[in-house]
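Multiple structures follow.
Consider the two complexes below, in which chain A is the common component and chain B and chain C are the respective partners.
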Partner chain A sequence: MVQLSTKRAFFLLIFPAAFLFIVYVIVPVGVAFQYSLTNYQGLGEKVYIGLRNYQVLLGNRYLHTAILNNLQIMLFNMLFVIPVAFTVAMMINREFRGTNFHKMVFFTPGVISGIIAGLIWAFILDPHIGVINSVLRAVGLGWFAPEWIGGKNLTPLSISLVGTWQGLGFNMLLILSGLNMIPNEIYEAAEVDGASRRQRMWLITIPNLKETFVTCLVLMITGSLKTFETVMMLTGGGPSHVSETMVSLMYNQTFISHKYGYGMAMAVVEFAIALTLSIIVLRVTNKRVDE
Partner chain B sequence: MMKKVLSLVLALCLMIPMMASFAFAEEPVTITIALGAAEAPSETGEGNRDLYWFAKYITDTYPNAKIEWQLNGTHDDHRTKIKMMAESGELPDMFWESFNEMPMIQKMGLLTPIDEAVAPIKDRFITGSQQYVTFDGKVYGMIYKNDAMGFFYNKKLLKQVGYDELPIDWDQFIDCVKKLRAAGITPIAHGATDTWSIWAYNLFFFRYGWRDLEGKFMNGEIKWADTEGLMKPLERIYELSEAGAFPENVTSQGNDYASNMFLGGEAAMYNVGTWALGNMIDSAIADDIGFSWGPFFPDGIADQKIALKEFSNAYWFGPNAFKGEEKKKIMIDAIQHYYSEQFTNEIMVEKLGLLPAVTYTGTGEKVSPLFNLMLSYIGDDYSADMQLAVRNEPSFQEPIWNAITSMITRFMTPEEAAETMDEWYQTK
Partner chain C sequence: MVTTREARPARVSKPLEGALDYFKYAGMVLAGFIVVFPFLWMIVLSFKTDVEIFNHPLAFPAVWNPENYRIAFQKIDFLLFAKNTFIMAIGAVSMEVVFHFMSSFAITRLRFKNQRMQDFFRIFFVVGLLIPVFVLLYPIYLMSARMGILNTHFAVFLPYVGGAASFNSMLLIGAMRCFPCELEDAAVIDGCNLWQLMVRIEMPTLFPVLATLIIWNFLGVWNEYPIAVIMINKEGMRTLSLAASLFKSQYNTSYAGLTAGLVVLMVPQLVFYAFFQKYIVAGMMAGAIKG
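Let's turn to the complex of A and B:
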C-alpha cells in the first residue's frame, strides 16, 4: 500500500503547484528586481546602476500622485462597496420572485473585463458625449455638467466609482455565501428570546460575517492596488498624470517611456507596498477574528 | 488496350504543361512588412497609403512575390514589438519606425543598408533628407515623406478680428488670440488628451536656443529650471493658455476633435503638420486656409528663421531583407521605383497629396493651391529642424509632451513642468 503521508509524497504532491508558483511568480519578481538595478531601455546592454532608480523614485511626483489615487480608490471602495454589497445581499437573501435575476444583475459588472467596463463608462462619463452630461444638458443643467474625466478634480473619483460598480457584485456574492453559512437555529433562538430584526442583524449576522468581511477587505485592498484597465480605458493616466495609479504609471514608464529599469523599480516598490498592506490587514483582522 | 494507351497519352499531354510551369516558375519570395495597425496600408483613408502602392508595385510586377503584413496594434505596441524582435535578433524585412531607436539597432547589426538601391538615384533626394537614416556612412532607411509643422489658420476668421494673415510678431500673435477669444471664436483648436499633438510648439524651443541648449541639458551641464532658454518657451505657451487660446474643453478632447473644430470653421488656428493636408484640401474651408511656422519672439536668443520641416519616420530593412538573389532584386527595384519620378509625381504628390522626400518635378496643375502653398514653405529659406522628441532618445518623448501639454491645460506651472524635466534627467 502506498503511504501518502510520507515526506516524499508531500513534496511530490505540492511540486506541480510550487513549480508553477516559482516559475510564474517568484522568478518574475526576482527578474524585475534585477532589472530595477539597471538603466535598461529595452535595447542593448543592461548597465547596473545600483539603487539609483529607487533614489530617483522617492522624489517622483507622479508616483506620489499615483499612491494617493490608489489610496483614494481603496478608501472609496472600503466606504461604499462593503456596506452597499452587504445591504444588497441582505435584501436579496430571501426567497422572492426574481431572486436569481437580481443576483445576476448585481453580479454581471463583476464578470465584465476591466477594459470593457472602462469603455462603457467612458461613454457614460465623457464630459461632451457622455450620457450623464447629455442628460444634464437636456434638463437645462448644462452649466453644472462637470468634467467627470479629463478634469483635475473628478477624474480619480470617477475611476473609483467604476471600481465600486465592478466590485459590488462579487462582494455581494461573498457576503451572500457568508449569510448562508449562518445556522438558522441561532436566528430562531434569538427570535424566541424576543430579539428584534435590528438586534439580530447587529448581534448575529454581522459578527458571524467577520471572516467574510476580512476576505472582502483583503481582496479589495489588493484589487485597488492593481487598478489598471479602467484607468487606461478612461484616461490613460492623464491628463498630465493626474489620474495615474501605481500600475498604470509603472506601465507608462516601462512601455511608453521605454525606461524598463526605472519601471521595474516602480514595480518592485508597488509589490512591496501591496505585500506590506496585505500582511498588516491579515494580522490585524486575524487578531480581531480570533478575539 | 487502345483505350488505356489513349488515356495515358492524354494524361501525359495534360501533365507536360503543368510540369513545364513548375520548371520555369520563379523562386517564390515572401516579403514581411511590419507597422502599427493604425498605419496599416490602404488605398484611401488614414493609413500609410504610399505603402499600399509600394506593395502593389511589387505584387503586380513580380507575381512570385508575396507581401506578408504584420500589423502590431498601436504605434506604441508596434514600437515595443520591434524592440522585442530586435532583442531576439529577428526583424521583419521591412518595418515602419521613427529614427531614435535605429542607431542602436544598427549597432546590433540588425539593419540592412540600402545604398545599392539609393546610390544611383541620390541626386533626386531633397537636401538633408538622408541625414537621419545614414549611420556610419551607409543609408539604412527609406525616408517616405517630408512633413512641415506649424499653424494652419482660417483667413476668414482672422479677418473678423482685423488680421489678413497670422501675425508672426509675438505681441501681435497674443493680441490676435485675445481678439479672437473676445469675438467668441476659439483661437487655437487643440486636444490635450493626445499629448503628442504639440507639433508647432516645438518651434518655440528652437527660437529660444534649443540647438545650443539641448546638448548641455542632456549632459547634465544645465538644469531646465535654471535655464532661461528652456523656461521661456514653457512660459510663452502658458501665456497663450492664459490668453484663452485653447478650447474650454481642451483637457478632455483629443486631436480628432481639434481637427474637426478647425475644419468645421469653429477655430481660427490648428497646430498640425502636412499629413493633415488631405483633410484640409477636401474641407469646405480649403480656400481660406493659410499657414505660418509660428511666432517670432522679441527676446528669442536664437535665429528666429527656423522651421519644423521634418523628414518623417522611415521604413527600415531587417537583416534578411536582401537575402537571396531574387529577393534582393525585387527590393532594390521596388525602392528605386518608390523614388522614381513617376511614383513621386503621380502617386505621392498628385494622388496621395504627400510631400515627398525627393524632388517633385510635376507641373503642379494637378495639385491644390494649398498643396502648392506648402511646397513653397518647404522650399523657403528657413533652416529645418525636427521635433524635440524625435531628435532625442525615446524616453524623452513622454516628459516633453507632458510638460508642453501641461502648459496648454495649465495643469502645471512652468516651474513645475521644468521640475518634471529635471526629474526626467535624473532617470536618464
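Let's turn to the complex of A and C:
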C-alpha cells in the first residue's frame, strides 16, 4: 500500500471533487462578497461603492422584520419539535407490534420537498378554507379562527408548524438511537432502589439524552435560519413583506428586484449571522456536553 | 451510525401489558394519524369540486370524481418534468459516487509519512457544511450565465456535485476509516493496483454506505429548489420541484386542480421512500452526526 501511495496518485484522486467544490462553493463565497461592494443591477459595468450597501442595510426595516421572523421560527421550533419528538419516541420505544411501521410513517413528511409541504399546509392553515379554521367554525369558535397565514403575526408560528411536521421523524429517530445507547443496567439498578417511572424518566432518561438533545438543537437552529421554500409557498413573504425570512428577502431583492449588489450584501450579512450563531451554539453546548 | 443501526439485533415485538402500554399504543396510533392526515386530506380534496371546497370545506366529495386528475395530466407534463429531474439526479449522483469515492479514498486510505495534506483536504471539504446554499446562488448563476449553460441539465447538477462534497466526504470518510488495512495489504501483495483496489475490493465492501449515498443524494436532487429555480426558466427544462412551485400561479383559483397535481407529484416519491426507506433513514442518521 505504501508503495502505491504517491503524491501524484493523491492529487489525481482528489482533483475532480476538489475542482468542483472550489468552483461551486469556495469561489462563489468570494464572488458574493465582491458583488456586495458594488451597485450592480444586471446592466452595464459594476461600480464599486465600498460599504454603502451595508450602511443602507442596517436601516432596512424589512431586514429587521425578517431577522425577527427567523428568530421566532427558531424559538417555536425549539418549543415544538424536541418535546413532541421526545414524546413520540417514548411511545414508540417499547417494541410493540407495528412500531416499525409507525417509525416509517413519522418519517414520511421529511422525504417530500419543502415546496410540496408548504403547498399541502396551505390547505390546512388557510384562514378561509383551511381545515383548522373550518373545524373551529364548525364547533362554534368562529370568532377565534385566526389568520394563520397571510395575517400580520402568525406566519412564523405556522411556518414552524410545517417545520415540526417535516422534522418530527428525523428528531424522533435521533432520540430513539440516543435511548438505545443508555445502558439497561442503570434502569435495573434504579428499579431495585425503588425509583418510580417518573423519577426514572426525569433522573435517568432525560439527563442521558443531553447530547442527543444538543444535536437536535444545533440542527434545528441552523435549519431555521435557512427557511425558504415553506415561506415562499405559504405567503411569498407577504403581505407587504411582513412574513419574509432572511433568505426569502434576499432572494426577492436579488432575483426579483435585480438589485444584485444589494442582495449579495444581504446574503453576506445573513451568512455572517448564521455562522456566528452556529459557532456560538457549538461552543456553548460543547462545554456543557463535556461537563 | 449507518452500521450500528443495522448491527442491532432485531427485537421481537412484545405484547401489550397494562394500562400504560395501551395508553402509549393509542398515543402512537393517534400521532401517526395526525402526521399522515395532511396527505390523506390532499387526496380527499383532489376529488372535490372548487365549489365544494369553498362552501363545504370539511365535507367529503359528493361524487368521487377523477375529473381533477384528467385536467392535471392535461395541463402539466409530468413525464417531461420527471425525465428532467431524473437526468439531473442520475448525472449528479453518478459523478458524486465516482468523484467523492476517489477523494475520500485518497484522504483515508493512502499512506504518507506526513498526514498534513490529507488532514487539510478532509477539513477543507467538511467546512462546506457551514456554508449555506443561499450565499452561493447568485454567483453560481452568474458563472453559469457567463459559460452560457443556463437552462441546461449541467447548470443544475454540477453545483449539486460541488456542494454535496461536504456531506458525502463526511459519510465516506467515516465509513472508510473502519476498512481493515490487512485486506488492502494482501490485495496489493497479490498485485492489485490502486484502481483495482478501489473498484474490486473497497467498493463492494462499502456497498451499504454507497447505497445510502446514492439514494440520499437522489432524493436530495428530487427535492432541490433554490438552484433549480435560478438556473431554469424554460418550461421544457423544469424539474418536479419547480413544477410544484408554479402550481399556485398555474391553477390560480382552482384549488381542486392544484391538490390533484400535488397528489400526482407526491405518490411516486412516497413509493420511492417506501422501497428505500432503510437507506434513507441511515443517511439521515449519518447527516445528524455533522451537528
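FYI, the second predicted complex is superposed on the first by the 256 of 291 C-alpha atoms of A that agree within 3 Å, B and C clash if a C-alpha of one lies under 4 Å from a C-alpha of the other, contacts with A are read in each partner's own complex, and residues count from 1 in each chain.
Following the convention adopted for this analysis, contacts are C-beta pairs under 8 Å (C-beta built on N, C-alpha and C of every residue); 3 or more make two chains touch, one makes a residue touch a chain.
Small disclaimer: the values here were computed from a predicted structure and weren't measured.
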Touched partner set for A:218, first chain B, second chain C, both or neither: second
Which of chain B and chain C A:77 touches, first, second, both or neither: neither
Partner chain in contact with A:65 - chain B first, chain C second, else both or neither: neither
More chain A residues in contact - chain B or chain C: C
First (chain B), second (chain C), both or neither touched by A:165: second
Which of chain B and chain C A:255 touches, first, second, both or neither: both
First (chain B), second (chain C), both or neither touched by A:243: neither
Residues of chain A at both interfaces, chain B in one complex, chain C in the other: 128, 255
Residues of chain B touching chain A in the complex: 76, 79-80, 83, 86-87, 101, 104-105, 107-108, 192-193, 195, 249, 251-253, 393-395, 397-399, 402, 405-406, 409, 411-412, 419-420, 423, 426-428
Contact set on chain A toward chain B in their complex: 39, 41-44, 53, 56, 59-61, 126-128, 147, 149-152, 235-236, 238-242, 252, 255-259, 262
Contact footprint of chain A on chain C as seen in their complex: 1, 4-5, 8, 11-14, 16, 20-21, 24-25, 27-29, 31-32, 35-36, 38-39, 41-42, 45, 53-54, 57-58, 95, 98-100, 102-103, 105-107, 109-112, 117-118, 121, 124-125, 128, 130-140, 142-143, 158-159, 161-163, 165-166, 169, 181, 184-185, 188, 193-194, 197, 219, 222-226, 230, 241, 244-245, 247-248, 255, 258-259, 262, 265-266, 269-270, 273-274, 277, 280-281, 284-285, 288, 291
Parts of chain A lying in touch with chain C, wherever the complex brings them together: 1-5, 9-10, 13-14, 16-18, 20-25, 27-29, 31-32, 35, 87-88, 90-92, 94-99, 102, 104-116, 119-121, 123-124, 128-131, 134-135, 138, 165, 168-170, 173-174, 177, 180, 197, 214-216, 218-219, 222, 225-226, 228-229, 232-233, 247, 250-251, 254-255, 260, 263-264, 267-268, 270-271, 274-275, 278
